[in-house]
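Below are two complexes that have chain A in common, paired first with chain B and then with chain C.
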Partner chain A sequence: MDTLLEILKDLHPDVDFELCDTLVDDKILDSFDIVTLISEINDQFDVTISAEDITPENFNSAESLFALIERLEDED
Partner chain B sequence: MLFTSYEFLAFIGILFLLYYVVPKKFQWILLLGASYLFYAMADWSYLVFILVTTVSAYFAACAMEKTYTDQKAYLLLHKSEMNKDERKAFKAVQKKKRWHCLLLILFLNLGILAVLKYTNFAIANLNGILTFTGSTRQLDYLNLLLPMGISFYTFQTLGYLIDVYRGKYPAERNLAKLALFVSFFPQLVQGPISRFDDLSVSLFEEHTLNWQNVSFGLERILWGYFKKLVIADRIVIGVNTIIHNPDQYRGTFVFVGMLFYAFELYCDFTGGIDITIGVAEVMGIRVTENFKRPFFSKCIKEYWNRWHITMGSWFTDYIFYPISVCGPMLKLGKWSRKHLGEQIGKRVSVYLSCIVVWFTTGIWHGASWNFIVWGLGNCVVILISQEFEPLYRLFYQKMEGKGIHLQGNFGWKVFQVTRTVLLMSCLRLFDCYRDVPLTFRMFGTMFTNWNWNNLSGASFLELGLNGWDYLVLILGLLLVFTVSMVQRSGSVRMKIADMPGIIRFGLWYGLFLIVLILGAYGVGFDASQFIYNQF
Partner chain C sequence: MQNHVLDYLEETVKRVPDKIAFAGEDCALTFADTYRDCRAIGTFFHEKGLYKEPIIVFMRKSPKTIAAFFGVIKAGCFYVPIDEEMPATRIDLILENCKPRAMICDEETAKQAAAFSYQVPVYKYDTISKTPADAEALQEIHDLSIDTDPIYIVFTSGSTGVPKGVAACHRSVLDYIEQLSETLEFNEQTVFVNQTPLYFDACLKEVYPTIKFGATTYIVPKSLFMFPIKLVEYLNEHKVNTVCWVVSALTMISAFGAFDKVQPLYLRTIAFGSEVFPIKQFAIWRKVLPEAKFTNLYGPTEGTGMCCYYHVNRDFALGDVIPVGRPFKNTEILLLDEKDERAKNGEPGEICIRGTSVTLGYYNNPEKTKECFVQNPLNTAYPEIIYRTGDIGKYNSYGELVFVSRKDYQIKHMGHRIELGEIEANVNALEGINSAACIYDGEKSKIVLYYVGGLTAKEVTLQLKEKLPRYMLPNVTEALEQMPLTPNGKIDRVNLKKNYQEKSK
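Right after this comes the complex of A and B.
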């Protein structure tokens, strides 16, 4: 989780990612951020996030994103 | 049948009546019949194309769903016998089957769209190349049919198919219901591009007559007609005078025409969408909003989150993301980070995907270089503003340090909004003039032929509009602006609904009379086709 929070902080230092659960709904993360984020996550966690995984439910909070990573790690 | 024709008013009038008279379980069937009739009234032969799209999508979606059910059943049955790798391999095989199915239907439907919409554009380009190389040979243009709204219904259907492929929801097992989703007449000609999971529930469910739905829907229709007939169809005369006579109207007039066109396009497109949403709302059907006060955007990125929202989100979900995160693009990203450095490398895949999306957005709007350059122009502005973001942050921090709080400052917001409107209006010039070189030339004249005297009242009266028309336009646009301002604090219609009955009816009748008396009909006017119908 700490690695993920670091990646997120690099993108938007001004956002409290531990609390925010409307990252997509409130357009805090835009499409450019999401693609950059996926590229970083794929590298750091050795998972493959595909286009079908890009949903507001998966990207609205650091927690949901971490759950997605764990799910993908489990599948791999 | 134009939304602005008397036939359309009669059509929806009869439909509304029948919709609430027929047994509720037949309401959606009535809508399907009405949608096909609406489409057939434009041209019977259009039905062939929409049927091909519907039937192909139906079978493809069912086939894709079958792979999901087979996969689930097989894994359930053989769970204990299979290890993790075997399960993974089995899922990969099923996914490949879905992928082949999707690819086939994408190829078929995009192929139809490409042949009908872009063949003559390709021929024009080939002829240009032949002339350039000195050849006297020219290819003949083909007389191809372009079914009304083909870009809209094709993209809406492909969105549905991709969602089924991704397992977002199951395939629609009723062919007639899918046919209604594809052909639902209010949104057939100019969108919004709906998602199946957003539209289908209210489209197929049974509706009882509800006063709020009817009054809200009729209000929305009336408001759409106001924007279209009173403003857009009036201001278009001034726009056409300027853009069709580029030798006569240059410099200052280009600037005037550019702003006039911004108002025209906004009132034309949002007016059409208001009518679409209103017609659906009378029948209790919820259609996705396509605009959120786009002219109040502070930057171009925000503008595209508020203008033609359903198209933007379609391109993001079904083109931008799949391209950005596909295997080759991720590999390219890794390679570029390694060889070009972290900063440039991480931008390569995002920027390439962005270029593809905006090229596609441009060509989706029309088979011409004007639209391609317009799309790529948007892309360039978005990418530049993306690069400038750290500079903006630094600028704000420095200003804060000096005690100047720009963020939240009203004057600064007005500057940002004006900048965005002007920028978008400049890009829309490509939509106005007949070719790209002429557009650049006319844009240039704004800087070389500026003449303040052209902004005098007498010059405006040369544009085919009289003083009365300008008064109507100014008051009309002020009303649109006021409504947008009020909308910021919540639904205008809810506010009207809370007013005393006499004021409410006064407002409705007032607006109705305004449309009736001031709508652009009669000598010198022609209730024209909606701009987005042509896409």
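Right after this comes the complex of A and C.
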């Protein structure tokens, strides 16, 4: 989780990712962020996020994003 | 001869008044609605005594924003679009440059406008669009208009830190829309999805062909471009057959494998531009849509949108670059070498644009205008302005124009044109910063900022957020003990780039 928070903090140092659960709804993340996030996550966690995982629900909070990563890690 | 862009709408509204012209999340406007609203807004500003001057349109992305553009033109004025995502300091620079006497807002943006340091009288769209149209006055404005009168100013990145406003007139927009429509074969059945922001010239591709043909444009929320499967489903739901998008919007779909789940069913015309389309991604698109027509477009804002096209008609190997192709009809590309002579066959030269598509110049900025809107050096007999793009190109063995590089530090990042100098100027202006330099990692699409000074990288990022639009924020920010310098004392960018590349290996 710390690795993920670090990736997120790099994108937006001013956002409290531990609390925020409206990253997509409140337009905090944009398409640049999504592309960067996915490539960083794929690199650092050795998972593959595919198109069907790229949903507002999965990206709305650090927690849901981490849950997705864990699910993908289990599948491997 | 047509000499006014809104003559398109005058004709179309008679033919298909009840068809949807522009549809968005918040509302949809038929051609009759668009026509009614733009005449109301035109009358309103006429009654206010505004004429032949800039009017700011500061609204969220919506069909109404487009009707507001048209309303400004109806009044005989020119629209200057600004956006809620632009930082306030940048907006202030734009307002200072234009010195406008009116701003059109929606309910939301009216609140934001109250915080600008440069104050402009605000008029809300929903109020002024109810003004009863004064047919006689509007007709008179129309009759007096000349096709070299400006219709908009859009702002582009400036290397000194101050954005430059490119002013374009009826005639160059008419020329562009006619040539683009012929090249991409738009018609009344065309259904567009607009991807680019409305505050750039890129949206001309949808806005004006829509009123020319009685086509339909969907104005979608930006967030749709974050979720590839939803995006393709949206295209199918609305039977979208034409997209003119930046490459990064297209590759977002293909790179994440969205086509494994859902494929576009109606898409037949795909125009792209503003940056290099990686061949691997392009091949995925072509495989999924073998019947579709793919066209690469090239052109700077100063040439009214796009001025060259290439219909992809052969296969490309990985690492190849899709050509810029050839100019639209009625535009000539001059490739000028360092002596301002035509570059020899196959030799590189600066891409210069000659023709009606050359815009009027930078608004209230004669110095910058003089630098690149210049007398055609091949013609000493009479005044003839060409635009020097600063792009270096050459002709390949097929006789097609190919983009090679930039003469300066301008980059294309996620479809946006950015002067690295503008980022540096803004970093240098921060208190506690001694020097700053940016390089661009084109392969990974990252803007890398190096700086020397007493601020942490986080502090720099936070402060830049208040000054620069989102797409100009560096993706990597790193403090250095000292800046590498060349023997002449200039920042050694080659060295910075080398160190960056070695580090990222």
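The rule is short, and it goes like this: the second predicted complex is superposed on the first by the 76 of 76 C-alpha atoms of A that agree within 3 Å, B and C clash if a C-alpha of one lies under 4 Å from a C-alpha of the other, contacts with A are read in each partner's own complex, and residues count from 1 in each chain.
Please note the rule applied: a contact is a pair of C-beta atoms (placed from the backbone, for glycine too) under 8 Å apart; a residue touches a chain by one contact, two chains touch by 3 or more.
Since the model is a prediction, treat every value here as computed from it, not as a measurement.
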{"item": "Partner chain(s) touched by A:V24 [first = chain B, second = chain C, both, neither]", "value": "second"}
{"item": "Chain B versus chain C as contact partner of A:I69, first or second or both or neither", "value": "neither"}
{"item": "Partner chain in contact with A:L4 - chain B first, chain C second, else both or neither", "value": "neither"}
{"item": "A:I54 touches, of chain B and chain C: first, second, both or neither?", "value": "both"}
{"item": "Touching partner for A:F32 - first (chain B), second (chain C), both, neither", "value": "both"}
{"item": "Contacts of A:N42 with chain B and chain C, given as first, second, both or neither", "value": "first"}
{"item": "Doubly contacted chain A residues - partners chain C and chain B", "value": "27, 30-32, 34-36, 38, 49-52, 54"}
{"item": "In the complex with chain C, residue positions of chain A that touch it", "value": "13-14, 24, 27, 29-32, 34-36, 38, 49-52, 54-56, 59"}
{"item": "Of all residues in chain C, those that touch chain A in their complex", "value": "222-223, 225-230, 248-249, 252-253, 256-258, 260-261, 414, 458, 461-462, 465, 470-471, 475"}
{"item": "Parts of chain B lying in touch with chain A, wherever the complex brings them together", "value": "88, 166-168, 301, 305, 316-317, 320-322, 324-326, 330, 333-334, 346, 349-350, 353-354, 386"}
{"item": "Parts of chain A lying in touch with chain B, wherever the complex brings them together", "value": "27, 30-32, 34-36, 38-39, 42-43, 49-52, 54, 75"}
